[in-house]
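As structure tokens, here come the structures.
Both complexes shown next keep subunit A, but they swap its partner, so subunit B is in the first and subunit C is in the second.
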Partner chain A sequence: MMDAYTEAVVIRLGIAILLALGYWITAATGKFSFGHAAFMSIGAYTASILTVKFDWSLETSMLVSGLTAAVAGAFIGWIALRLTILYLAIITFAFAEIVKILLDSWDYAGGASGLFGMRGTTPQLLAICIGVVIVYLFFLTRSRKGLSYEAIREDEQAARACGLGVTRISVEAFAVSAAITGVAGALSAHETLIITPAQFGAPQSLLIILFVVLGGVQYFWGAIVGAVVLTMLPIWFDFLEEYYQITYGLLFVALMILRPQGIVGSGTERRFTMRALARLSPKRGKADGDG
Partner chain B sequence: MADLQLRALDITKHFQGVAALAEVTLEVERGSIHGVVGPNGAGKTTLLNVMSGFLPPSRGVVELDGRDVTRLAPQKRVPLGLTRTFQNLRLFGGLTVRENVLLGQHSRARTGFLSLWPLRTAAEKELDRAAEHALEAFGLTEYRRRRAATLPYGLQKQLEIARAVSAKPRLLLMDEPAAGMTAKERLDLVPRIRALRDEGLTVVIVEHDMEVIGAVCDVVTVLNFGRKLVEGAPKVALASAEVRTAYLGT
Partner chain C sequence: MLIQQLVNGLLLGTTFALIALSFNLVVGALDRLNFALGETAMVSAICGALFMSQLDITFVLAFLAALAIGAVVAGITFLLSFRFVSAEYHTAPILSSLGVGLVITSLVTRVVGSDQRRVPSVLEGVRIEIGPLRIVGDQLIILSVAALMTVLLYGFLNRTPWGTAIRGVSDDPDMAGLLGVPVQRVILLTFVISGTLAGASGLLTGLSFHTVSPFTGFETTLTALMVIVLGGLGNITGGVVAALMIGVIETLTVAYLSATYRDLIVFLLVGITLVARPQGLFTRNTGVVGRV
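Now for the complex of A and B:
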């Protein structure tokens, strides 16, 4: 049996892993969302309302929250994914802020003071969710579907020339990513036992991005490594007290200089690296030069 | 009545008021190799982009096998049998040579969520075999596991053609396939294009290299300043006074 502290750490770790794996799916198509906390909050609130106000089981509520987040993801993806990476960043960020403001003013869900009354979750349930996602990713990365994700990330025009429906595939990946993030949000709400809109702001979105960027996006298990490291660092560096933030920041800078491809990854140009984030420039136009 | 596979009728394309193409009509006969030539800025690539769906025309109609495809996205033209290569190579450089060819088969393959199921159907095994054949036909088998970006330029050109052909198109649009090739590679390209035609493919080829054009094309259309200058058999069209004036200014 785990003691309460260890169990809390394990659950927190599991939620971080689930968030990282969910984000990895959209990152695999080269689409960076800067508002994934919105899908987390949609999942968290959907599940919490269902368990607290309607007395549903966490398992069923969790599935519904995944579905709700997927619908929201498909909607926002359909609007934003046809745009350049810069506009995608702006729209996803704005979407997260709008969701936060709406939750703040939604009295039924507790408004700014939050929603409580959840009954907790278990490491076993989390382990099952992570297991399902890992199996999915294992087969995805060995399939033609996974290959089409990589192709879109590499060159959208060439992907179109090969017959790939770039928008449809990207939206689909985004929706699956949002669904997993929504489930992670549901489990997170049942771990913290109280949720407020403030928990799902820009810092949470950034943390999810960092899991994946730090771990490396070449392989999906890089995202797991990133999530573990970023969740455990505050615990490992606890003894540094007020110097913790500085050390944490310096470590991050050093890592990005020494291993821009993340902790896991070969550093070849295959699949993508931090450089993808640097490509935040509008680029859309003619298929080719004229001759 | 000629059996036309592709018709681009009265295509006009403006870029910020400047006409890159002005009422150009191109009729491509099934099973032919149709060359499009012209000096720099003549509008050759623009025409190819319009025909492949990468650019919408300002005016005009594109028909593929009698069907109006003018507003159809490029990826939706692929299942109808139209693929293309690019003037500046657009390979998936970070992916392997084999993966590039597999992506060329996208419109023929199962790519839904069911495709994640690890057991391969007979059709999927057949596609895998077709990919291996394509690699072999283009001399790429030994490089199949290498990242496309690491191949020499000539082989990258071959790979782009192999990828386009893997969609099993009926019409292939090639944008300057000989550009950047060595003399020997250019020499190898001619029988390669002829072989594609012999396999039943119609080819439209935009090219600067007149030797290649003269050697492979059945018909040549010469463009200049976005207008059609001459059309006909290569020897006749390329020798005409208008073409000499356009190219040499004399």
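Now for the complex of A and C:
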């Protein structure tokens, strides 16, 4: 058996991987959600209420929380995915905020001070969940549906012109993604043993995005790489714990300029050149068409 | 009482209008959102508050400093999150500007601490009473400065060559470039102006609540997003009207229902708008929705 510390690290790592894989599914269709922590909190609260107040087993309540998150995901997806990426960003941001406000004022679930009384989770259960998701993704990426995800990500208009039901496929991907995130939330609630609405705010959403963006959206194992790197870095380097917000912020900025496709993945033009910098300065020889 | 609440709501709305203008300018210039503008407003407000309370300088100077700081921060954001980020990746500027926002918030908490800062009131003795209505000096300043800045912006956009260039780039950057407009510099100018507006909004909001906190950046962004969705993305006049509306609605909700419902009602309203009229309440569908 592992000692308690290793087990805690393994569980944290596993939850991060599950979150990253869940997010990858919607990112694979090119639809980025900015409020995935909301699905996490829906999953966490559903499962915790079921295990604490109704004495259900963790396995069943985990599945129910996945289902609840999927329904919420389908609803949000239906509103947002017909519109463009900016609207999706705005709607998912607002959705996460709404969930937080509602949970804050829900006294039955502990309100702002949080819900506790959960018993722990095991690495085995987590491993089974990750295994199921990886098998699903393995077959998904080799299926026709996986191809259609890729088509929508690369060129939505072309995909639509080829007769793909872009909205239906994206909403479905969004719901599946929300379901996996919900399950991850349920498991993480039974690891932290206390949940508050504030845990699932914008920083958590951004962290999930960073897992996937760092790894790259082309291959699902890129998301795993991102999750492992970003979870282990603060554990290996203690000083990062204190500066993690600055580090993550700078990581976003640097990544978007240097490798917007992620560590894993290929293909982009280089935009940061001295010539591009020089074009901004007022002293220019002749008017060249920039822009 | 109701009239007093309506006026308070309109006053709140004017500060929203400034930040919404600031977001809308960037949407117009690039069809992208700068998600770090809320944090830009926060930095300006914190610095302005510190200048006034620690260095004892007058409100006017602190306000000008806040404008300058907002402009610089927005210019830096442009360079970091937009200029050198590949246009192929639509989410890249969103993520990058969110990253800049994170960096700004943690830098501010690291440098000046995470305490709330007091904004001393200005024009202490002044107060206007019209029947039951009471307007104090701070509110007078907020109203007049916000109105002045909005009018100046309209004048700048419609009457000056640079303003015309901004509108041209917002309509069609390729065509504007072909006609000799230095597109990248116009976009930088747009960012700087939007930062100035964000800075003004930050300090004025601080003045109305008499306190600023380094953790309000994301909240400000969220409110501004609600306003510009309601008014129509990129629609400057629509944004101003929607800002006043949301200001009144929020104030009335706090006064007659409960403070917890304040954000909820706004989100609900925006949600309904998005389902029924995604292009916003005050826009004809001119294709902006398709572009951004």
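Here is the rule we go by: the second predicted complex is superposed on the first by the 243 of 291 C-alpha atoms of A that agree within 3 Å, B and C clash if a C-alpha of one lies under 4 Å from a C-alpha of the other, contacts with A are read in each partner's own complex, and residues count from 1 in each chain.
Here is the rule we use: a contact is a pair of C-beta atoms (placed from the backbone, for glycine too) under 8 Å apart; a residue touches a chain by one contact, two chains touch by 3 or more.
Computed from a predicted model, the values in this text were never measured in an experiment.
By the document's definition of touching, of the two partners only subunit C reaches A:253; subunit B does not. One of subunit B and subunit C touches more residues of subunit A, and that partner is C.
In the superposed model, A:238 lies in contact with neither subunit B nor subunit C.
Contact with subunit B, but none with subunit C, is seen for A:150 once the two complexes are overlaid on the shared chain.
Of the two partner chains placed by superposition, only subunit C is touched by A:209; subunit B is not. When the two complexes are overlaid on their common chain A, residue A:3 makes contact with neither subunit B nor subunit C. In the superposed model, A:84 lies in contact with subunit C only, and not with subunit B. Of the two partner chains placed around the shared chain by superposition, neither subunit B nor subunit C is touched by A:107. In the superposition on chain A, A:55 makes contact with neither subunit B nor subunit C. Overlap of the subunit B and subunit C contact sets on subunit A: residues 268-269, 271-272, 287, 289-291. Subunit A makes touch with subunit B in their complex at residues 136, 139-140, 142-145, 147-148, 150-151, 154-155, 157-166, 268-272, 286-291. Within the complex, the subunit A residues that touch subunit C are 30, 32, 34, 79-80, 82-87, 89-91, 93-94, 97-98, 101-102, 104-105, 202-203, 206, 209, 213, 243, 245-246, 248-253, 256-257, 260-261, 268-269, 271-272, 276, 279-280, 282, 284, 287, 289-291. Subunit C meets subunit A in the complex at residues 32-33, 80-81, 83-86, 88-96, 98-103, 105-107, 110, 169, 173-174, 176-178, 180, 182-185, 188, 218, 222, 225-226, 229, 233, 260, 263-264, 267, 270-271, 274-275, 278, 289-290, 292.
Taken in their complex, subunit B has these residues touching subunit A: 20, 40-46, 49, 52, 54-55, 73-75, 78-79, 83-84, 86-88, 90-95, 99, 102-104, 106-107, 109-113, 115-118, 147, 149, 163-164, 167, 175-176, 206, 208.
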